[in-house]
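Think of it as A, B, C and D in the order they're written, each chain with its own count starting at 1.
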Amino acid sequence: MSGAFDLCGVPLRGPVLNGSGTFDAIAARRTFGDRLLEEFPFDAFVSKTITIEPRQGNPPPRLWESPAGLINSIGLPNKGLSGFLSGDLPQLAELPVPLVVSVMGFSRDELGALVAAVGERDQVAMIELNVSCPNVETGLVMGADPAETAAAVGAVRPLTDKPLIVKLTPSAGDPAVAAAAEGAGADAVSLINTLRGMALDPRTRRPWLGAGTGGLSGPAVRPVALAQVASVAASVSIPVVGMGGIASGRDALDFLDAGAACVAVGTENFRDPAAGRRIARELAAVSRNERGFSAGRTRFSQDRPKSPAKVGKTVK
Amino acid sequence: MSEPRTEAPFGRRLAPLEANRELGAYRLLAVRDPDGPTNPRPGQFYMLATAEGWGADGERPYVPRAFSYARARGDGTLEFLLEAVGPGTERLGRVSAGESLWLTGPLGVGFRVATDPKARHLLVGGGIGVAPIVCLSDELGERGEVLLGFRTAAHAEAATLFDHPAALATDDGSAGRAALVTELLRERLDRSGGEPAVYACGPPPMLEAVRAICAERDVPAQLALESGMACGFGACFGCVAPTRNGYVRLCVDGPVLDAADLDSALFAGAGH
Amino acid sequence: MSGAFDLCGVPLRGPVLNGSGTFDAIAARRTFGDRLLEEFPFDAFVSKTITIEPRQGNPPPRLWESPAGLINSIGLPNKGLSGFLSGDLPQLAELPVPLVVSVMGFSRDELGALVAAVGERDQVAMIELNVSCPNVETGLVMGADPAETAAAVGAVRPLTDKPLIVKLTPSAGDPAVAAAAEGAGADAVSLINTLRGMALDPRTRRPWLGAGTGGLSGPAVRPVALAQVASVAASVSIPVVGMGGIASGRDALDFLDAGAACVAVGTENFRDPAAGRRIARELAAVSRNERGFSAGRTRFSQDRPKSPAKVGKTVK
Amino acid sequence: MSEPRTEAPFGRRLAPLEANRELGAYRLLAVRDPDGPTNPRPGQFYMLATAEGWGADGERPYVPRAFSYARARGDGTLEFLLEAVGPGTERLGRVSAGESLWLTGPLGVGFRVATDPKARHLLVGGGIGVAPIVCLSDELGERGEVLLGFRTAAHAEAATLFDHPAALATDDGSAGRAALVTELLRERLDRSGGEPAVYACGPPPMLEAVRAICAERDVPAQLALESGMACGFGACFGCVAPTRNGYVRLCVDGPVLDAADLDSALFAGAGH
């Protein structure tokens, strides 16, 4: 199937990515050894979001379970841009799949610096813009309103030839934000990010998470994600990477049928490190059983009920 | 000294239950893991969930739970010691014949043990924290002296797991001495003058006492810490403990940390 | 405990209500007989939302399950104002607890007509304004932005002396909407309503629900609800009725500790018709065990970490 | 004729499993319900869920599932006939000794049967829809003539539940006549001239055929319909069927409806 399928012109062996921040390929290799590379679970690897400066992340506790889901307040710990480029990038370049680097800036300048620096590395196939943080210049969450999103994407678009994926904030169920990203030059959008949620400490009765609130993910949010993916896919013509609670091939198929070009697996990786592979296998099986043909370009680019994704755009 | 980490097969696997028996206040689970390595390192752990009925009725648990292995029998059987403290451990404590567990591991880095055959080792276990001390004691044999502390005699039945004699304390004096295991440790260190290395696992306040006692006496100590884990292989960044070098993920940089790297073993989110 | 606790000045025997549209006391009495009255599960009864005109509701199918939740597209079927007043109200008046009538209008005039007509009935203790629908005059969802909410509440406030509860839309996680409702004269706010969600028909691969999308409820949304309740409770001083996935006394306690004055049980009623009673019992037990005192005024009006509710306001 | 509805105790109750046996392609569950009424009316149903492991692993089922009772033995035991078609029925089909079910009911209104002892009744059951026909046949005895249709002989084993002889058809001819049960019905009505009242339960296309056949011949018919239910007691407004009087909730106004009130028994959401 190799070469038969692509996302924004980058050939992928299949449509299953990971959600940013839900799989650390470097730590996984320490744990599972080189078998990880042989059986790599995703068709493209999305890095955890990086920022200009190193970040320690939020104080623990950072996790609490909820019914069919997880609430996290990780707080984007990362080595910062130069730590990433020198420490992580060489290792991520050894992965057998294209690399997507997720970046977040607290101003358009920061975002621009990240995109420019990451974009010039050959090892990087695509860049994902995580715009879920408040812009220190305007005070608005970058990805929360159409104009702010368009300004952020427009500012960084000239800085790289690499495909840009804009990861929408969950409040951006409003498809106007996705349309604004498309208009400003995004090559794809991805969604959903986590929903704001809270849990109390059973003993102290105060918020459990060190940061007070966190982001809800997992099967609990799947219906919300599916609705948002369907509505965004119907209003843009760039490819949509759909995620939110995908735990099986059937779930993945739901997102593809709702208009996604690719899917990403997040929380399910925590329950099953090889979830990406299993889901890809299950997806191929349900596609074969129920459609009479197997996954591949036709399947993912043409058989969607709404807004076919603009695949095949070339990278440069 | 290379990192005491045995690599895990990639992905989770089904491990059929071999036995689930009561051991005083705890339960001892034995599962068949023919496809896993037979040589995990003491202090490493596994993520476990039941294959059926995990998180039924729309409630927790959702992610798997972390457990130190207590013993890896060479024949592919793993033993875990469990204390029921919430929905996950309760469900695991009820697994019955014919059921299987989802299992991922071995995970993390275990205790770093000096290879010098003359080195002396002091193993300190508190409560359910005795689990990784069992296999460490097996490995060290006569070279490892074991101090154990429990709340009551019912909990102290876990001491019967040890093949080598162990000093025993309980909070209420219902078995062994009426004392905290950290008192045994303090006395033992003051007696010998502090040459041995200490390896400890137990509740956060005990680990913090161990840390402080060893720090005062300049005794090297390694502590097996606990925090809430979702994945166990470094994917979620949830299981962090604050160290002198910043936050570290206990599932990939631990769960065993050098006490010298910690300001305190008591931190928000420590323990279960 | 009778008389020891009240909501907006209406004495309640306890803090457990039902969510509008999740319990039909008339149908339940046909099913369970008068035992329903003897063992009535709620401390106040909230009617299904009524509109001026009768509505058939959405085409079936109207329900789909999701992980730890339910997606519904019921579409507010009801007999209309006059059908409700003549057909339902006399029967609801036989319930052993105060009655809250939920109303929705498609314009401020409609809302006013409903509030005036319902408000003059002695059998009605409080009125809940369901403002989750688009205003036909402005095109905006009435409860989605602060000004629109203030205008709607302000328009109906003079028309009745009865306490007004404003049920916030889920997009109104923004506490400014709650503050606007308070400013315009609301006596309480309730939240959360369902989140927009979708599911596909496993066979046709098209949206399963007759209406395309629906509202997600149940434990899946509990962390989202708790975060919104905590944030709203911290920003208003009127009582908050908290709901969203409450299935046990411990869940109810979480909402009370997050700042709610009362809680409402919705989807859990479907799994267990007597869930309200069970939850009240469990709540009393966890409160006793963990606090050393039992539920009642002190518990619910003073022991909340943030923004104590303004209870004790009189009805007229 | 008063409404054939036996009131349910308020709330759900735990009903211990008495037996779970295979019956051809189906399973027959017997549960103890000592606190429920011993006289539910044929066509009424119960909401069932397992007490443990309902909706495990963060997936469906979440709400309980609706099942017609097949028989209420006077001793407080209820029998249900189950076909596994999805996660809920699969889990229920696996309940084992020692487990209990959450049960609410009896619910809805059953078949309205003329009390006239000379009235003649034609009972038509298709597939899993034979369940309420079993108790209706028990009640009517010789006065009720039973026509049954199944896909295959394996499904037709459910016919052995009937104490009275029944005419049998299968789609593939592997048991009884190779025909649809609606063909038996058409022949039977054309033979007798249409005096009897018809009571039917089965898949939507079968019910629609029954409706049309009876409508053509002016034979009164009652159909036990199915649609997705969340609550079973009128709370959620989810289980509606379109009738000539608008949408009605099948759980409180049905599941048995007069065929004369329907334009079609085939509607979006019909069946499971």
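The working rule: a contact is a pair of C-beta atoms (placed from the backbone, for glycine too) under 8 Å apart; a residue touches a chain by one contact, two chains touch by 3 or more.
Bear in mind the structure is a predicted one, so any value in this text is a computation, not a measurement.
In terms of C-beta pairs in contact, C-D outnumbers the other of C-D and A-D. A centroid comparison over C-alpha atoms places D as the chain most distant from subunit A. For the pair subunit B and subunit D, the distance between mean C-alpha positions equals 55 Å.
Subunit C and subunit D have centres, each the mean of its CA atoms, that are 35 Å apart. With centres taken as mean Cα positions, subunit C sits 47 Å from subunit B. Within subunit B, contacts with two or more other chains are made by residues 55, 58-59, 62.
Residue positions of subunit C with contacts to 2 or more other chains are 66-69, 218-220. If you sketch which chains touch which, every chain touches every other chain without exception. Interface residues of subunit B facing subunit C in the complex, by the touch rule stated above, are 58-59. Against subunit A, in their complex, subunit C makes its touches with residues 66-69, 71, 173, 195-200, 202, 205-207, 213, 216, 218-224, 226-228, 230, 245, 250, 253-254, 257-258, 290, 305.
Across the complex, subunit D is touched by residues 67-69, 218-220, 247 of subunit A. On the side of subunit D, the complex with subunit B involves touching residues 52-58, 62. Partner subunit D is touched in their complex by these residues of subunit C: 21-24, 26-28, 30-33, 35-36, 39, 48, 56-57, 59-70, 72, 74, 77, 210, 218, 267, 269-274, 277-278.
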